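First subunit A sits with subunit B, and in the next complex the same chain sits with subunit C.
Let's look at the complex of A and B:
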């Protein structure tokens, strides 16, 4: 009975449609990639930017938020690489792949210096060479239309393909750094494909940062295949500039007894959405998906997860902590799906939020969709202010109010950060969080 | 395994006559012409001798309904409803003047259902169960056939009558409150109801009065291809208290019957309303054929400070349930409660939950929902808790647990929590599990049969909610749960 009458396209949608056409015309080609781009364009033309009338975007209305779309940047030169430096946090002992303004910086990346058994290829090289990694592009894409992901696919081209050979325990983390140092607004779209072979182990770090006051749009998708028995630690630090829009997508597939340990810190950008699509393909896999969101001013930060248990014995743990100050708006949507075959699934999801101001808003939507009977699934969500009695206790011990507050917030976030196993990365996260708290206190 | 086979056979046998209220009462009835048009609306209004303003109100609703779209967001699927294929009004032909004139067939029906309409019998019957008195308003298809204990209630100043009478006798109250909680164009089904509602109950409890007995309405859909659109309006004036219970059944029919009710509750300053439902509409047969489509809008408005509204529901029937009894916590310190047991078996689909809208200061709400899915059914809890900017000190506690029996059913939880005030404290927890082997084994080795064991465990699972029901109905609900789950083990 419902007739989907699409309202007229907004100016931004018109601009995006035109840019998609232009990009497809110049990067024309045959084969799978060209087809993916065209399919994504067609999907965008029929669905457009998601509005709050689309259930998954109820709290993050892109149709209203996106007013225009800046152009994509040219390939970076030495100057840009140098400018990028302050926007690339130092990750101890890591091999680095650098994107500047959404474009791969070959000079700034250490393709040759990654750990043994870890291969990284620029995405265009992988496509041109017909590397099997290129066949993985968009293989994990969800069946439902996802606006930012459709744009990421429509503008497909920049990116990196990573392979960790079976049995390899990568000695050094791989740091994929995204920097937007320019003072001119640009759009950047990158795609990262990672295939981790059977029994391999690797640590990945993604960082995102850019210049404040520049309304750039940063859109990055990662497709991650964790092979049977493989272990992946993934740490994500999103500190985009305060006027930027950030869209992150993680598409994840877990093999038999595979293990993923993800931590996503989000504290930058004017508007951010991190979408995780996780799928348990092999039995007895484990996913720990955790994160912390800190927002102030008029920031809007959205984390949306869909964890799909397709086979038996999977275990998932989701824990997200949100701290909101001023007029900030936080969103957490998490959905655990347990299919018929996924007996003995054990899923736990928790979202906790701390509201530091009466003008802040937190919207929580934890969902369970369960079709198997022999499962243990639960979710919880809380929202509230700092506990007055705890504050009083600390102040009665002589701590100034701001400091007491900070200590409590750190403790609140610490419950999630402590799951990061790599001590260097845990320290890095704590340092970034402390930085945010000190800035706020100042 | 032969034991399993045996259970399966037994289940098959049970399934067919599981629904014991599925009989048809053979009486002559008078129906509006099939389909829906302005004429149908005028017909209903005329049949009810309604004043002009009521007809206008209905026509306005009908015109708005024409512009609306059927909602599709709920997690239920059913073939498209042809709204022209229903009768929107059906009444027993001979209109009764008093209880003695009621068609004996109808009386028999209610006797079979266990609803005593004659006050003497009622007294005897209820007193035997050792409880308080219950005043009953019975609605058969589209009209109210009898209201008991009217006089005794009138002594206390309580108005309890069919809403069609209230429109004529207390137009000032009806005008003031009808549509003030669920606006005419609130949603597709509420608008449809506003246009074609035929009967329902009206309750007004004056200032400071504690209603001397439980009030109750019994709904029954009898006629083929009919829709029942009842409208209930309950007002508790300052400091008043009322407890109200509704029950529902329908005959076993192959086609799907439509039920789209609207219930509005208004609690003024310091008032309290307790609303309990035992919903046992015909759920369809074992293949999912037939059954009631239950699309209900229930909402309570805690309009005054310190008011309280409490919803308790036991949902075991209907092919499709689409129902979200809600509380608008407008007054400062007001409280909302929602206790629910939703059981689905066979091919039933339930999408139910609540909304707690915190507007006033220091408002609190509590949600306890227990969903039990068996057979091929799908059972969804969907709820919203929101605290607005000015709802300082709002508190909510939500607990929704689901239990799955069998591996062909689904249990889903879709809660929304929107906090716009830092001092609001929301806690939500949900779990899904199956009956543990340990619990079952323990019961079996004490000599209980598999089905008795399941019923016992389920009763334990839903105990928090059952405790909220008035005593007599808690007993009935407990039995109902056992019946609903018959055939679910195996």
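Let's look at the complex of A and C:
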């Protein structure tokens, strides 16, 4: 137990504390949800924004980075919904749930038109109706204090709850789009709760995008329960505006023989942190947790994973690729925990980065905490520049330098993207990555 | 076509080319032979613009233009092609993607239109089988998992598609079996034309039986020390390079 000597609150922390109080006072104060909000507020009051003195936040100091906290936006109208369109990538064949400036757009969402066997409810509706999905809120939250997640819980209200019935193979992907088209900075706190029934299969796509030059804060948390034998493909595309802060949290629970295939692309925002808490609850489950991060200018992008093998026979594969240009800063922290009961666990974690500039910086922190004896676990990290002889070979065939670089970067990222099984989504990812690379080359 | 005058080039502190002169007129095939380490590959890299080398003196004119003023990509677009002694493997970039990107980059640099997908496929299907390049090798990463001989054949396929003005072949015969040598030579000979010149670097006469040169040069310690007709290659095969060891030192 560390002694918590808190430094004086920063102005931002004071503002957040006041906003939390105000929000809690106005929200309907019933039952469990109100209690969760109050508990999150209390946790925030005692811990504040995480600073670099907190181990998990060593490379991403929110206390230093967050100077103020903009207000939340009002519910979007037709104008806002229209403004959002350029910030919502087209996902082929998907049913869509839309958040605009951090608030659910009922008109912009296809609640009634998702696949057969897939139910979606606005989170407030689920809470008010006492739907069992609402009981899942914060059921998977980590025991350690997590600053962005505490805020997400303290301001809990906006969100969507999804259920995929047992045995259902959802015909269409569900696209949860988060757009921040506003030219005024706002804070958005949204929550997605997904319960995928036994043997069901679904593909989820989360996209995040917003207006450049606006210092909005986008804070989103997902709680995902993958039932026994269920299969979930999750693709996440983070392309927030270049002045935005992005905080993403995934809390994941895998049932027996469940399978998750996650791909997280991060290429937007001034500062981003994506936190994955994955827990193997049923035996012989599989998690593929992969992603690509691209950052340039002074962008800061952090991916932090905690994969907890609580039971036997779990298999996890983590592969993250990072491309850093200019003065960008990338962070990958990955922890695999294998509990005593989790025999025959097979966990492999790899972080590979490509540094396109001498000033770019990558911090890797892999960790294994293994309490079982019959396991296979490993991790690795590499960092390097583009291969000069490959570059010359391409250029000697006439490819301009930038184009040659682009081909090599795409090849590097392709080794992770190829794990996305859905061809439409693979193409979408490749298209978004190409867009980033072309913008950089221009 | 190519006129090299008093070329000096170094890598780091190491001067490798030490006053090299070489002229290749339009349509001619010149061979360069010379002992290991004499600077043959260095010459091919310097001509194709590899950034590691520094030219400290001399000039290279290519079709009247200053070749050394262009970067590697621009030289390729201008018509210089190097078939590498050791072709590079590029995992994750499909051979087809690469071939097409190269063709289009060169066309773009010359202000021409990009090749359409059907035209490109037709062209590759017409040329690849002659060089023994299978569909599978076209789908794979560039040179990835190719045998030594397959890599060399892939170089010639690129050369065939790109139709350069100056073909530099750096030991394209090494690693080829007898049949592949014929296939590759046939591919090279098919490209011979009054508008296209070739610089063929080799250690062995047998390649020159198939690709008959107009002129043979001997390179030693970074310079051309002797030039002659095809018979010079036969002579070298007999007597080796011992005779050049003293006078070029």
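As a working rule, the second predicted complex is superposed on the first by the 438 of 442 C-alpha atoms of A that agree within 3 Å, B and C clash if a C-alpha of one lies under 4 Å from a C-alpha of the other, contacts with A are read in each partner's own complex, and residues count from 1 in each chain.
Here is the rule we go by: contacts are C-beta pairs under 8 Å (C-beta built on N, C-alpha and C of every residue); 3 or more make two chains touch, one makes a residue touch a chain.
Bear in mind that the values here come from a model prediction, so they are computed numbers and not experimental data.
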Three-chain arrangement built on subunit A, subunit B and subunit C clash or fit: fit
Superposed model, subunit A: greater residue contact from subunit B or subunit C: B
First (subunit B), second (subunit C), both or neither touched by A:65: neither
First, second, both or neither for A:24, with subunit B first and subunit C second: neither
First (subunit B), second (subunit C), both or neither touched by A:215: neither
Partner chain(s) touched by A:398 [first = subunit B, second = subunit C, both, neither]: second
Which of subunit B and subunit C A:415 touches, first, second, both or neither: second
Touching partner for A:166 - first (subunit B), second (subunit C), both, neither: neither
Subunit C, subunit A and subunit B - angle at the middle CA centre, rounded to the nearest 10 degrees: 80
Subunit C versus subunit B - closest C-alpha approach in the superposed model, Å: 15
Residues on subunit A lying within both footprints (that of subunit B and that of subunit C): none
Interface residues, subunit B side, partner subunit A - complex: 69-70, 72-73, 80, 389, 392, 402, 404-434
Parts of subunit A lying in touch with subunit B, wherever the complex brings them together: 1-3, 55, 340, 343, 353, 355-385
In the complex with subunit A, residue positions of subunit C that touch it: 48-52, 71-73, 75-77, 81-82, 84, 87-88, 90-93, 97-98, 101-103, 105-106, 109, 141-142, 158, 162
List of subunit A residues in touch with subunit C within their complex: 388-390, 392-401, 403-404, 407-408, 410-412, 414-415
